[in-house]
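You will see two complexes here that share chain A, one where it goes with chain B and one where it goes with chain C.
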Partner chain A sequence: MSQFLATALVLHVVLGLIGLGAIHLTFMQVIRKQPPWGIVVKAAWIAFFGFLLSWMTGAYYYVVHYGVVVKPLIVSGEFPWAHQVFMEAKEHVFLLIPFLTVVALFAVYALRENENPALKSAASALIATALVLGILVAAAGVIISGGVR
Partner chain B sequence: MNNKTLMRFLQAAAIGSIVASILIAILTIVGEEWAPLKDWLKNTFTHHWLGKGALAIVAFSLVTLWQGYVCSGEKATQAMWYAVIAALISAVAMTGFFILHTFQLV
Partner chain C sequence: MDWYTVLIIGHIVGTVLGVGGATFAEVHLIRALRDGTMSRDENSIMQATYAILRVGFFLLILSGFGFLVLARLEEHTGLLYSIKLWAKLGIVGIIGVNAVLLQLRWIPLLWGSAIAFTSWYAALILGALGRGEYSFFWIYVVYIAAIIIVYFVLRAIHARYIPHKH
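Our next item is the complex of A and B:
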(Lines of atoms letter the chains of each structure in order from A and count residues from 1; the text may use other names and numbers.)
(Lines give C-alpha, C1' and ligand atoms only; values in the text may rest on other atoms or scores of the structure.)
Protein backbone atom coordinates (compact mmCIF):
# COMPACT_ATOMS: atom_id res chain seq x y z
CA MET A 1 0.00 0.00 0.00
CA SER A 2 1.34 3.44 -0.94
CA GLN A 3 1.99 6.15 1.65
CA PHE A 4 -0.93 8.15 0.22
CA LEU A 5 -3.37 5.25 0.60
CA ALA A 6 -2.13 4.54 4.13
CA THR A 7 -2.67 8.21 4.98
CA ALA A 8 -6.19 8.09 3.49
CA LEU A 9 -7.00 5.02 5.61
CA VAL A 10 -5.64 6.57 8.81
CA LEU A 11 -7.51 9.82 8.11
CA HIS A 12 -10.73 7.86 7.40
CA VAL A 13 -10.48 6.20 10.84
CA VAL A 14 -9.34 9.29 12.77
CA LEU A 15 -11.90 11.64 11.17
CA GLY A 16 -14.65 9.07 11.73
CA LEU A 17 -13.69 8.84 15.42
CA ILE A 18 -13.63 12.65 15.67
CA GLY A 19 -17.12 12.72 14.13
CA LEU A 20 -18.26 10.04 16.56
CA GLY A 21 -16.81 11.87 19.57
CA ALA A 22 -18.39 15.13 18.43
CA ILE A 23 -21.85 13.64 17.85
CA HIS A 24 -21.59 12.01 21.29
CA LEU A 25 -20.73 15.38 22.81
CA THR A 26 -23.64 16.98 20.92
CA PHE A 27 -26.03 14.36 22.30
CA MET A 28 -24.78 14.59 25.89
CA GLN A 29 -25.07 18.39 25.86
CA VAL A 30 -28.46 18.60 24.09
CA ILE A 31 -30.17 16.37 26.67
CA ARG A 32 -29.07 18.67 29.54
CA LYS A 33 -31.70 20.93 31.14
CA GLN A 34 -29.85 24.03 29.98
CA PRO A 35 -27.62 23.04 27.06
CA PRO A 36 -24.52 25.20 26.45
CA TRP A 37 -25.51 26.16 22.90
CA GLY A 38 -22.08 27.44 21.92
CA ILE A 39 -20.55 24.00 22.59
CA VAL A 40 -23.52 22.14 21.07
CA VAL A 41 -23.36 24.07 17.78
CA LYS A 42 -19.56 23.67 17.50
CA ALA A 43 -19.80 19.94 18.28
CA ALA A 44 -22.55 19.47 15.67
CA TRP A 45 -20.40 21.21 13.02
CA ILE A 46 -17.36 19.10 13.95
CA ALA A 47 -19.49 15.94 13.74
CA PHE A 48 -20.75 16.96 10.28
CA PHE A 49 -17.28 17.73 8.91
CA GLY A 50 -15.75 14.70 10.66
CA PHE A 51 -18.18 12.28 9.02
CA LEU A 52 -18.07 14.09 5.66
CA LEU A 53 -14.26 14.02 5.46
CA SER A 54 -14.19 10.44 6.76
CA TRP A 55 -16.56 9.55 3.92
CA MET A 56 -14.30 11.20 1.32
CA THR A 57 -11.03 9.68 2.55
CA GLY A 58 -12.69 6.29 3.10
CA ALA A 59 -14.17 6.40 -0.39
CA TYR A 60 -10.75 6.92 -1.95
CA TYR A 61 -9.21 4.03 0.01
CA TYR A 62 -12.23 1.77 -0.56
CA VAL A 63 -12.47 2.30 -4.32
CA VAL A 64 -8.74 2.35 -5.12
CA HIS A 65 -7.36 -0.26 -2.70
CA TYR A 66 -9.91 -2.21 -0.63
CA GLY A 67 -11.94 -3.69 -3.48
CA VAL A 68 -8.85 -4.66 -5.48
CA VAL A 69 -6.47 -5.95 -2.78
CA VAL A 70 -8.17 -6.39 0.62
CA LYS A 71 -11.59 -7.76 -0.36
CA PRO A 72 -10.21 -10.79 -2.28
CA LEU A 73 -7.96 -11.60 0.71
CA ILE A 74 -10.89 -11.56 3.15
CA VAL A 75 -13.30 -13.43 0.87
CA SER A 76 -10.77 -16.22 0.22
CA GLY A 77 -9.67 -16.34 3.87
CA GLU A 78 -11.05 -17.87 7.04
CA PHE A 79 -13.61 -15.14 7.69
CA PRO A 80 -15.34 -14.27 4.39
CA TRP A 81 -18.37 -13.00 6.34
CA ALA A 82 -16.18 -10.13 7.57
CA HIS A 83 -16.65 -8.69 4.08
CA GLN A 84 -19.93 -10.28 3.00
CA VAL A 85 -21.87 -9.09 6.05
CA PHE A 86 -19.87 -6.49 7.96
CA MET A 87 -18.19 -4.54 5.14
CA GLU A 88 -21.26 -4.60 2.92
CA ALA A 89 -23.47 -3.39 5.79
CA LYS A 90 -20.88 -0.89 7.04
CA GLU A 91 -20.26 0.83 3.70
CA HIS A 92 -23.99 1.28 3.08
CA VAL A 93 -25.14 2.16 6.61
CA PHE A 94 -22.36 4.76 6.74
CA LEU A 95 -24.05 6.61 3.86
CA LEU A 96 -27.01 7.41 6.14
CA ILE A 97 -24.97 9.22 8.80
CA PRO A 98 -23.87 12.46 7.07
CA PHE A 99 -27.49 13.26 6.14
CA LEU A 100 -28.55 12.77 9.76
CA THR A 101 -25.78 15.13 10.89
CA VAL A 102 -27.06 17.84 8.50
CA VAL A 103 -30.53 17.50 10.08
CA ALA A 104 -28.87 17.55 13.53
CA LEU A 105 -27.17 20.85 12.61
CA PHE A 106 -30.48 22.50 11.67
CA ALA A 107 -32.03 20.99 14.81
CA VAL A 108 -29.48 22.45 17.23
CA TYR A 109 -29.80 25.89 15.65
CA ALA A 110 -33.62 25.62 15.87
CA LEU A 111 -33.43 24.46 19.51
CA ARG A 112 -31.11 27.33 20.39
CA GLU A 113 -33.83 29.73 19.21
CA ASN A 114 -36.81 27.79 20.52
CA GLU A 115 -36.40 25.30 23.41
CA ASN A 116 -39.57 23.34 22.64
CA PRO A 117 -39.61 20.00 24.61
CA ALA A 118 -41.14 18.01 21.73
CA LEU A 119 -38.53 19.40 19.32
CA LYS A 120 -35.81 18.60 21.84
CA SER A 121 -36.98 14.96 22.18
CA ALA A 122 -37.05 14.46 18.42
CA ALA A 123 -33.64 16.14 17.97
CA SER A 124 -32.15 14.02 20.79
CA ALA A 125 -33.50 10.84 19.16
CA LEU A 126 -32.10 11.86 15.78
CA ILE A 127 -28.66 12.69 17.21
CA ALA A 128 -28.70 9.42 19.18
CA THR A 129 -29.52 7.52 15.98
CA ALA A 130 -26.49 9.05 14.21
CA LEU A 131 -24.39 8.16 17.27
CA VAL A 132 -25.57 4.53 17.46
CA LEU A 133 -25.16 3.97 13.70
CA GLY A 134 -21.68 5.54 13.94
CA ILE A 135 -20.68 3.20 16.79
CA LEU A 136 -21.94 0.15 14.84
CA VAL A 137 -20.06 1.26 11.72
CA ALA A 138 -16.84 1.76 13.75
CA ALA A 139 -17.26 -1.67 15.39
CA ALA A 140 -17.75 -3.25 11.95
CA GLY A 141 -14.50 -1.57 10.85
CA VAL A 142 -12.65 -3.32 13.69
CA ILE A 143 -14.14 -6.70 12.67
CA ILE A 144 -13.21 -6.15 9.02
CA SER A 145 -9.62 -5.28 9.99
CA GLY A 146 -9.51 -8.53 11.99
CA GLY A 147 -10.90 -10.44 9.00
CA VAL A 148 -7.86 -9.57 6.88
CA ARG A 149 -5.50 -11.39 9.26
CA MET B 1 -31.85 32.97 9.49
CA ASN B 2 -34.99 33.71 11.53
CA ASN B 3 -36.80 31.06 13.58
CA LYS B 4 -39.51 30.38 10.99
CA THR B 5 -36.99 29.90 8.18
CA LEU B 6 -34.91 27.68 10.46
CA MET B 7 -37.91 25.46 11.23
CA ARG B 8 -38.78 25.28 7.52
CA PHE B 9 -35.28 24.16 6.60
CA LEU B 10 -35.17 21.75 9.56
CA GLN B 11 -38.34 20.09 8.30
CA ALA B 12 -36.99 20.17 4.73
CA ALA B 13 -33.66 18.56 5.71
CA ALA B 14 -35.50 15.88 7.72
CA ILE B 15 -37.64 15.08 4.66
CA GLY B 16 -34.47 15.09 2.51
CA SER B 17 -32.89 12.64 4.94
CA ILE B 18 -35.95 10.35 4.74
CA VAL B 19 -35.72 10.33 0.93
CA ALA B 20 -31.94 9.68 1.04
CA SER B 21 -32.37 6.80 3.54
CA ILE B 22 -35.05 5.14 1.41
CA LEU B 23 -33.10 5.69 -1.82
CA ILE B 24 -29.88 4.20 -0.38
CA ALA B 25 -31.74 1.09 0.83
CA ILE B 26 -33.55 0.63 -2.51
CA LEU B 27 -30.41 1.12 -4.62
CA THR B 28 -28.46 -1.26 -2.38
CA ILE B 29 -30.97 -4.11 -2.15
CA VAL B 30 -32.39 -3.87 -5.67
CA GLY B 31 -28.86 -3.42 -7.06
CA GLU B 32 -27.78 -6.74 -5.51
CA GLU B 33 -30.83 -8.57 -6.83
CA TRP B 34 -31.06 -6.94 -10.26
CA ALA B 35 -27.64 -6.78 -11.93
CA PRO B 36 -28.50 -4.10 -14.57
CA LEU B 37 -28.97 -1.50 -11.81
CA LYS B 38 -25.62 -2.26 -10.16
CA ASP B 39 -23.94 -2.33 -13.59
CA TRP B 40 -25.46 1.05 -14.45
CA LEU B 41 -24.17 2.51 -11.16
CA LYS B 42 -20.69 1.07 -11.86
CA ASN B 43 -20.60 2.29 -15.45
CA THR B 44 -21.93 5.75 -14.66
CA PHE B 45 -20.04 6.52 -11.44
CA THR B 46 -16.99 4.17 -11.79
CA HIS B 47 -18.10 2.29 -8.64
CA HIS B 48 -21.59 1.27 -7.48
CA TRP B 49 -20.99 2.61 -3.97
CA LEU B 50 -19.90 6.02 -5.29
CA GLY B 51 -23.06 6.05 -7.41
CA LYS B 52 -25.30 5.39 -4.41
CA GLY B 53 -23.59 8.16 -2.44
CA ALA B 54 -23.77 10.65 -5.33
CA LEU B 55 -27.44 9.95 -6.04
CA ALA B 56 -28.27 10.22 -2.32
CA ILE B 57 -26.50 13.62 -2.14
CA VAL B 58 -28.39 14.85 -5.21
CA ALA B 59 -31.75 13.60 -3.88
CA PHE B 60 -31.12 15.04 -0.40
CA SER B 61 -30.04 18.44 -1.78
CA LEU B 62 -32.93 18.77 -4.24
CA VAL B 63 -35.59 17.67 -1.75
CA THR B 64 -34.18 19.90 1.02
CA LEU B 65 -34.05 22.97 -1.24
CA TRP B 66 -37.51 22.31 -2.71
CA GLN B 67 -39.14 21.60 0.66
CA GLY B 68 -37.28 24.52 2.25
CA TYR B 69 -39.28 26.86 0.06
CA VAL B 70 -42.66 25.10 0.09
CA CYS B 71 -43.13 23.60 3.58
CA SER B 72 -44.33 25.57 6.60
CA GLY B 73 -41.94 24.14 9.19
CA GLU B 74 -44.84 23.35 11.51
CA LYS B 75 -44.22 19.62 11.22
CA ALA B 76 -40.45 19.74 11.80
CA THR B 77 -40.68 17.60 14.96
CA GLN B 78 -42.77 14.96 13.21
CA ALA B 79 -40.42 14.99 10.20
CA MET B 80 -37.42 14.38 12.48
CA TRP B 81 -39.10 11.35 14.05
CA TYR B 82 -39.83 9.99 10.56
CA ALA B 83 -36.18 10.62 9.63
CA VAL B 84 -35.10 8.52 12.64
CA ILE B 85 -37.51 5.71 11.67
CA ALA B 86 -36.41 5.81 8.01
CA ALA B 87 -32.70 5.64 8.92
CA LEU B 88 -33.25 2.74 11.34
CA ILE B 89 -35.42 0.76 8.91
CA SER B 90 -32.92 1.40 6.11
CA ALA B 91 -29.98 0.25 8.28
CA VAL B 92 -31.81 -2.87 9.49
CA ALA B 93 -33.07 -3.72 5.98
CA MET B 94 -29.60 -3.45 4.41
CA THR B 95 -27.85 -5.36 7.22
CA GLY B 96 -30.57 -8.03 7.23
CA PHE B 97 -30.33 -8.33 3.47
CA PHE B 98 -26.56 -8.90 3.55
CA ILE B 99 -26.92 -11.52 6.31
CA LEU B 100 -29.55 -13.40 4.28
CA HIS B 101 -27.45 -12.94 1.11
CA THR B 102 -24.39 -14.45 2.81
CA PHE B 103 -26.42 -17.53 3.77
CA GLN B 104 -27.78 -17.59 0.19
CA LEU B 105 -31.35 -17.20 1.44
CA VAL B 106 -32.00 -14.34 -1.00
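Our next item is the complex of A and C:
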Protein backbone atom coordinates (compact mmCIF):
# COMPACT_ATOMS: atom_id res chain seq x y z
CA MET A 1 0.00 0.00 0.00
CA SER A 2 1.37 3.44 -0.93
CA GLN A 3 1.98 6.14 1.66
CA PHE A 4 -0.88 8.17 0.17
CA LEU A 5 -3.37 5.31 0.49
CA ALA A 6 -2.19 4.54 4.02
CA THR A 7 -2.77 8.22 4.89
CA ALA A 8 -6.24 8.07 3.32
CA LEU A 9 -7.08 4.99 5.43
CA VAL A 10 -5.78 6.60 8.64
CA LEU A 11 -7.70 9.82 7.91
CA HIS A 12 -10.85 7.82 7.12
CA VAL A 13 -10.71 6.20 10.57
CA VAL A 14 -9.59 9.26 12.56
CA LEU A 15 -12.08 11.67 10.92
CA GLY A 16 -14.87 9.11 11.32
CA LEU A 17 -14.06 8.81 15.04
CA ILE A 18 -13.97 12.60 15.40
CA GLY A 19 -17.40 12.72 13.71
CA LEU A 20 -18.64 9.98 16.02
CA GLY A 21 -17.30 11.75 19.13
CA ALA A 22 -18.89 15.02 17.99
CA ILE A 23 -22.29 13.48 17.22
CA HIS A 24 -22.18 11.75 20.64
CA LEU A 25 -21.48 15.14 22.26
CA THR A 26 -24.28 16.74 20.20
CA PHE A 27 -26.73 14.10 21.38
CA MET A 28 -25.65 14.26 25.04
CA GLN A 29 -26.12 18.04 25.06
CA VAL A 30 -29.36 18.20 23.05
CA ILE A 31 -31.18 15.88 25.47
CA ARG A 32 -30.35 18.14 28.44
CA LYS A 33 -33.17 20.24 29.90
CA GLN A 34 -31.33 23.43 28.94
CA PRO A 35 -28.91 22.55 26.15
CA PRO A 36 -25.87 24.82 25.74
CA TRP A 37 -26.67 25.72 22.11
CA GLY A 38 -23.24 27.21 21.38
CA ILE A 39 -21.58 23.85 22.15
CA VAL A 40 -24.34 21.90 20.36
CA VAL A 41 -23.96 23.89 17.12
CA LYS A 42 -20.14 23.58 17.15
CA ALA A 43 -20.35 19.84 17.84
CA ALA A 44 -22.90 19.38 15.04
CA TRP A 45 -20.60 21.20 12.58
CA ILE A 46 -17.61 19.07 13.64
CA ALA A 47 -19.74 15.92 13.25
CA PHE A 48 -20.79 17.00 9.75
CA PHE A 49 -17.24 17.78 8.58
CA GLY A 50 -15.80 14.72 10.34
CA PHE A 51 -18.22 12.34 8.63
CA LEU A 52 -18.05 14.11 5.26
CA LEU A 53 -14.24 14.06 5.12
CA SER A 54 -14.16 10.48 6.42
CA TRP A 55 -16.60 9.62 3.63
CA MET A 56 -14.33 11.21 1.00
CA THR A 57 -11.06 9.67 2.21
CA GLY A 58 -12.78 6.29 2.71
CA ALA A 59 -14.28 6.45 -0.77
CA TYR A 60 -10.87 7.13 -2.33
CA TYR A 61 -9.31 4.19 -0.44
CA TYR A 62 -12.26 1.95 -1.34
CA VAL A 63 -12.22 2.71 -5.07
CA VAL A 64 -8.45 2.74 -5.59
CA HIS A 65 -7.28 0.01 -3.21
CA TYR A 66 -9.95 -1.94 -1.32
CA GLY A 67 -11.92 -3.24 -4.32
CA VAL A 68 -8.77 -4.25 -6.21
CA VAL A 69 -6.52 -5.67 -3.47
CA VAL A 70 -8.36 -6.19 -0.16
CA LYS A 71 -11.77 -7.43 -1.30
CA PRO A 72 -10.41 -10.46 -3.28
CA LEU A 73 -8.27 -11.40 -0.24
CA ILE A 74 -11.28 -11.33 2.09
CA VAL A 75 -13.65 -13.13 -0.29
CA SER A 76 -11.15 -15.94 -0.87
CA GLY A 77 -10.14 -16.10 2.80
CA GLU A 78 -11.56 -17.65 5.96
CA PHE A 79 -14.17 -14.92 6.54
CA PRO A 80 -15.82 -14.00 3.22
CA TRP A 81 -18.87 -12.72 5.14
CA ALA A 82 -16.67 -9.86 6.43
CA HIS A 83 -17.03 -8.38 2.93
CA GLN A 84 -20.28 -9.97 1.75
CA VAL A 85 -22.27 -8.91 4.81
CA PHE A 86 -20.40 -6.20 6.68
CA MET A 87 -18.74 -4.20 3.88
CA GLU A 88 -21.81 -4.47 1.65
CA ALA A 89 -23.93 -3.10 4.51
CA LYS A 90 -21.34 -0.54 5.60
CA GLU A 91 -20.86 1.02 2.16
CA HIS A 92 -24.60 1.68 1.89
CA VAL A 93 -25.34 2.73 5.47
CA PHE A 94 -22.32 5.04 5.51
CA LEU A 95 -23.73 7.00 2.55
CA LEU A 96 -26.62 8.11 4.73
CA ILE A 97 -24.69 9.47 7.72
CA PRO A 98 -23.41 12.81 6.30
CA PHE A 99 -26.97 13.58 5.12
CA LEU A 100 -28.33 12.84 8.59
CA THR A 101 -25.75 15.21 10.07
CA VAL A 102 -26.79 17.97 7.62
CA VAL A 103 -30.40 17.62 8.79
CA ALA A 104 -29.15 17.55 12.41
CA LEU A 105 -27.35 20.84 11.74
CA PHE A 106 -30.52 22.48 10.42
CA ALA A 107 -32.46 21.11 13.40
CA VAL A 108 -30.05 22.43 16.04
CA TYR A 109 -30.00 25.88 14.40
CA ALA A 110 -33.83 25.88 14.41
CA LEU A 111 -33.89 24.69 18.05
CA ARG A 112 -31.46 27.42 19.08
CA GLU A 113 -33.98 29.98 17.82
CA ASN A 114 -37.09 28.22 19.10
CA GLU A 115 -37.01 25.32 21.57
CA ASN A 116 -40.02 23.51 20.18
CA PRO A 117 -40.45 20.27 22.25
CA ALA A 118 -41.69 18.23 19.27
CA LEU A 119 -38.75 19.37 17.13
CA LYS A 120 -36.34 18.71 20.03
CA SER A 121 -37.64 15.18 20.40
CA ALA A 122 -37.50 14.52 16.62
CA ALA A 123 -34.00 16.03 16.38
CA SER A 124 -32.82 13.89 19.32
CA ALA A 125 -34.12 10.77 17.56
CA LEU A 126 -32.39 11.78 14.31
CA ILE A 127 -29.07 12.50 16.06
CA ALA A 128 -29.36 9.21 17.99
CA THR A 129 -29.90 7.40 14.66
CA ALA A 130 -26.74 8.99 13.23
CA LEU A 131 -24.85 8.01 16.40
CA VAL A 132 -26.02 4.38 16.35
CA LEU A 133 -25.33 4.02 12.61
CA GLY A 134 -21.87 5.57 13.15
CA ILE A 135 -21.08 3.04 15.89
CA LEU A 136 -22.29 0.14 13.72
CA VAL A 137 -20.21 1.36 10.77
CA ALA A 138 -17.11 1.70 13.00
CA ALA A 139 -17.65 -1.83 14.37
CA ALA A 140 -18.11 -3.13 10.81
CA GLY A 141 -14.78 -1.50 9.90
CA VAL A 142 -13.03 -3.47 12.66
CA ILE A 143 -14.66 -6.72 11.50
CA ILE A 144 -13.69 -6.06 7.85
CA SER A 145 -10.08 -5.35 8.88
CA GLY A 146 -10.09 -8.66 10.75
CA GLY A 147 -11.40 -10.39 7.62
CA VAL A 148 -8.07 -9.84 5.83
CA ARG A 149 -6.17 -12.98 6.68
CA MET B 1 9.11 8.54 18.62
CA ASP B 2 7.23 5.90 16.60
CA TRP B 3 3.44 5.71 16.17
CA TYR B 4 3.12 2.72 18.50
CA THR B 5 4.67 4.70 21.38
CA VAL B 6 2.42 7.69 20.62
CA LEU B 7 -0.63 5.41 20.73
CA ILE B 8 0.50 3.73 23.96
CA ILE B 9 0.90 7.16 25.60
CA GLY B 10 -2.51 8.29 24.30
CA HIS B 11 -4.12 5.07 25.50
CA ILE B 12 -2.59 5.31 28.97
CA VAL B 13 -3.52 9.00 29.31
CA GLY B 14 -7.09 8.21 28.17
CA THR B 15 -7.38 5.35 30.66
CA VAL B 16 -5.93 7.43 33.50
CA LEU B 17 -8.35 10.30 32.82
CA GLY B 18 -11.29 7.90 32.45
CA VAL B 19 -10.60 5.76 35.51
CA GLY B 20 -9.64 8.82 37.57
CA GLY B 21 -12.70 10.70 36.30
CA ALA B 22 -15.04 7.78 37.11
CA THR B 23 -13.56 7.51 40.62
CA PHE B 24 -13.74 11.23 41.33
CA ALA B 25 -17.25 11.45 39.87
CA GLU B 26 -18.39 9.08 42.64
CA VAL B 27 -16.38 10.82 45.35
CA HIS B 28 -17.60 14.28 44.34
CA LEU B 29 -21.20 13.07 43.98
CA ILE B 30 -21.26 11.64 47.51
CA ARG B 31 -19.53 14.71 48.97
CA ALA B 32 -21.87 17.06 47.06
CA LEU B 33 -25.02 15.30 48.23
CA ARG B 34 -23.99 14.96 51.89
CA ASP B 35 -26.12 17.97 52.82
CA GLY B 36 -29.01 16.76 50.66
CA THR B 37 -28.61 19.39 47.91
CA MET B 38 -26.08 20.17 45.22
CA SER B 39 -24.82 23.75 45.25
CA ARG B 40 -23.76 25.65 42.12
CA ASP B 41 -20.07 25.19 42.96
CA GLU B 42 -20.55 21.48 43.56
CA ASN B 43 -22.42 21.21 40.27
CA SER B 44 -19.59 22.93 38.40
CA ILE B 45 -17.07 20.51 39.97
CA MET B 46 -19.24 17.60 38.78
CA GLN B 47 -19.44 19.08 35.27
CA ALA B 48 -15.64 19.50 35.17
CA THR B 49 -15.18 15.89 36.31
CA TYR B 50 -17.56 14.62 33.60
CA ALA B 51 -15.74 16.74 31.00
CA ILE B 52 -12.42 15.07 31.97
CA LEU B 53 -14.13 11.68 31.81
CA ARG B 54 -15.38 12.41 28.29
CA VAL B 55 -11.91 13.52 27.15
CA GLY B 56 -10.50 10.27 28.58
CA PHE B 57 -13.18 8.24 26.81
CA PHE B 58 -12.49 9.93 23.48
CA LEU B 59 -8.71 9.50 23.83
CA LEU B 60 -9.18 5.85 24.73
CA ILE B 61 -11.31 5.20 21.65
CA LEU B 62 -9.09 7.22 19.32
CA SER B 63 -5.89 5.50 20.46
CA GLY B 64 -7.64 2.10 20.56
CA PHE B 65 -8.70 2.45 16.93
CA GLY B 66 -5.18 3.74 16.24
CA PHE B 67 -3.83 0.35 17.35
CA LEU B 68 -6.26 -1.40 15.02
CA VAL B 69 -5.26 0.78 12.05
CA LEU B 70 -1.57 0.26 12.82
CA ALA B 71 -2.14 -3.49 13.00
CA ARG B 72 -3.96 -3.34 9.65
CA LEU B 73 -1.22 -1.27 7.99
CA GLU B 74 1.52 -3.54 9.33
CA GLU B 75 -0.52 -6.63 8.44
CA HIS B 76 -0.56 -7.89 12.04
CA THR B 77 -4.28 -8.55 12.06
CA GLY B 78 -3.86 -11.30 14.68
CA LEU B 79 -4.66 -8.61 17.27
CA LEU B 80 -8.21 -8.48 15.90
CA TYR B 81 -8.83 -12.10 16.92
CA SER B 82 -8.12 -11.46 20.59
CA ILE B 83 -11.00 -12.36 22.94
CA LYS B 84 -9.68 -9.74 25.36
CA LEU B 85 -9.91 -7.02 22.67
CA TRP B 86 -13.55 -7.83 21.85
CA ALA B 87 -14.48 -8.05 25.53
CA LYS B 88 -12.86 -4.64 26.05
CA LEU B 89 -14.60 -3.15 23.00
CA GLY B 90 -17.91 -4.40 24.38
CA ILE B 91 -17.23 -2.81 27.76
CA VAL B 92 -16.22 0.50 26.12
CA GLY B 93 -19.54 0.34 24.22
CA ILE B 94 -21.36 -0.21 27.53
CA ILE B 95 -19.64 2.90 28.99
CA GLY B 96 -20.97 4.98 26.08
CA VAL B 97 -24.52 3.56 26.22
CA ASN B 98 -24.61 3.92 30.02
CA ALA B 99 -23.62 7.61 29.73
CA VAL B 100 -26.56 8.18 27.35
CA LEU B 101 -28.98 6.27 29.63
CA LEU B 102 -27.81 8.31 32.64
CA GLN B 103 -28.28 11.57 30.75
CA LEU B 104 -31.78 10.51 29.68
CA ARG B 105 -32.46 9.36 33.27
CA TRP B 106 -33.60 6.01 31.89
CA ILE B 107 -31.44 4.17 34.42
CA PRO B 108 -31.35 4.68 38.22
CA LEU B 109 -28.38 6.82 39.28
CA LEU B 110 -26.90 4.11 41.52
CA TRP B 111 -27.01 1.42 38.82
CA GLY B 112 -25.59 3.88 36.27
CA SER B 113 -22.79 4.82 38.67
CA ALA B 114 -22.02 1.16 39.41
CA ILE B 115 -21.88 0.32 35.68
CA ALA B 116 -19.68 3.34 34.84
CA PHE B 117 -17.30 2.77 37.76
CA THR B 118 -16.95 -0.99 37.18
CA SER B 119 -16.66 -0.65 33.40
CA TRP B 120 -13.77 1.80 33.57
CA TYR B 121 -11.86 -0.44 35.99
CA ALA B 122 -12.73 -3.51 33.88
CA ALA B 123 -11.31 -1.79 30.76
CA LEU B 124 -8.16 -0.89 32.73
CA ILE B 125 -7.71 -4.45 34.05
CA LEU B 126 -8.33 -6.04 30.63
CA GLY B 127 -5.76 -3.67 29.12
CA ALA B 128 -3.22 -4.50 31.82
CA LEU B 129 -3.67 -8.30 31.61
CA GLY B 130 -0.92 -10.04 29.68
CA ARG B 131 -1.35 -12.26 26.65
CA GLY B 132 -3.00 -15.57 27.35
CA GLU B 133 -6.11 -17.66 26.91
CA TYR B 134 -9.23 -15.86 28.06
CA SER B 135 -12.87 -16.85 27.97
CA PHE B 136 -15.35 -14.26 26.73
CA PHE B 137 -18.06 -15.86 28.87
CA TRP B 138 -16.04 -15.72 32.11
CA ILE B 139 -14.83 -12.18 31.52
CA TYR B 140 -18.48 -11.08 31.33
CA VAL B 141 -19.59 -13.24 34.28
CA VAL B 142 -16.92 -11.60 36.49
CA TYR B 143 -17.76 -8.16 35.04
CA ILE B 144 -21.50 -8.50 35.78
CA ALA B 145 -20.79 -9.87 39.27
CA ALA B 146 -18.48 -6.89 39.90
CA ILE B 147 -21.22 -4.45 38.80
CA ILE B 148 -23.68 -6.02 41.26
CA ILE B 149 -21.15 -5.90 44.12
CA VAL B 150 -20.23 -2.27 43.34
CA TYR B 151 -23.93 -1.38 43.24
CA PHE B 152 -24.48 -2.73 46.77
CA VAL B 153 -21.29 -1.04 48.04
CA LEU B 154 -22.39 2.29 46.54
CA ARG B 155 -25.89 1.83 47.96
CA ALA B 156 -24.43 1.27 51.44
CA ILE B 157 -22.19 4.36 51.08
CA HIS B 158 -25.11 6.49 49.87
CA ALA B 159 -27.32 5.23 52.71
CA ARG B 160 -24.56 6.04 55.23
CA TYR B 161 -23.60 9.54 53.98
CA ILE B 162 -26.53 10.97 52.02
CA PRO B 163 -29.65 12.05 53.92
CA HIS B 164 -32.93 10.68 52.55
CA LYS B 165 -35.83 12.99 51.77
CA HIS B 166 -39.13 11.78 53.26
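One rule holds in what follows: the second predicted complex is superposed on the first by the 149 of 149 C-alpha atoms of A that agree within 3 Å, B and C clash if a C-alpha of one lies under 4 Å from a C-alpha of the other, contacts with A are read in each partner's own complex, and residues count from 1 in each chain.
In this text, contacts are C-beta pairs under 8 Å (C-beta built on N, C-alpha and C of every residue); 3 or more make two chains touch, one makes a residue touch a chain.
What you see is a predicted model, and the numbers here were worked out from it, not measured in a lab.
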Mind checking the superposed model to see whether chain B and chain C fit together on chain A or clash? fit
Does the superposition put A:96 against chain B (first), chain C (second), both, or neither? first
Does chain B (first) or chain C (second) touch A:61, or do both, or does neither? neither
Roughly how many degrees, to the nearest 10, is the angle at chain A when you join its Cα centre to the Cα centres of chain B and chain C? 140
Name the contact category of A:32: first (chain B only), second (chain C only), both, or neither. second
Dominant contact partner of chain A by residue count, chain C or chain B: B
Determine, under the contact definition given at the top, whether A:133 touches first (chain B), second (chain C), both, or neither. first
Under the stated touch criterion, which partner chain does A:113 make contact with: chain B (first), chain C (second), both, or neither? first
Just to confirm the geometry: in the superposition, how small does the C-alpha gap between chain B and chain C get, in angstrom? 19
Share the list of chain A residues that count as touching for chain B in one structure and for chain C in the other. none
Using the touch definition up top, name the residues of chain C that touch chain A in the complex. 54, 58, 61-62, 65-66, 68-69, 71-73, 75, 77, 80-81, 89, 93, 96, 99-100, 103-104
Enumerate the contact residues on chain B facing chain A in the complex. 1, 3, 6-7, 9-10, 13-14, 16-17, 20-21, 24, 28, 46-47, 49-50, 52-53, 56, 60, 64, 76-78, 80-81, 83-84, 87-88, 90-91, 94-95, 98-99, 101-102
In the complex formed with chain C, which residues of chain A make contact? 1, 6, 9-10, 13-14, 17, 21, 24-25, 27-28, 31-32, 135, 138-139, 142, 145-146, 148-149
Touching chain B in the complex, chain A uses residues 55, 59, 62-63, 67, 81, 84-85, 88-89, 91-93, 95-96, 99-100, 102-103, 106-107, 109-110, 113-114, 116, 118-119, 121-123, 125-126, 129, 133, 136
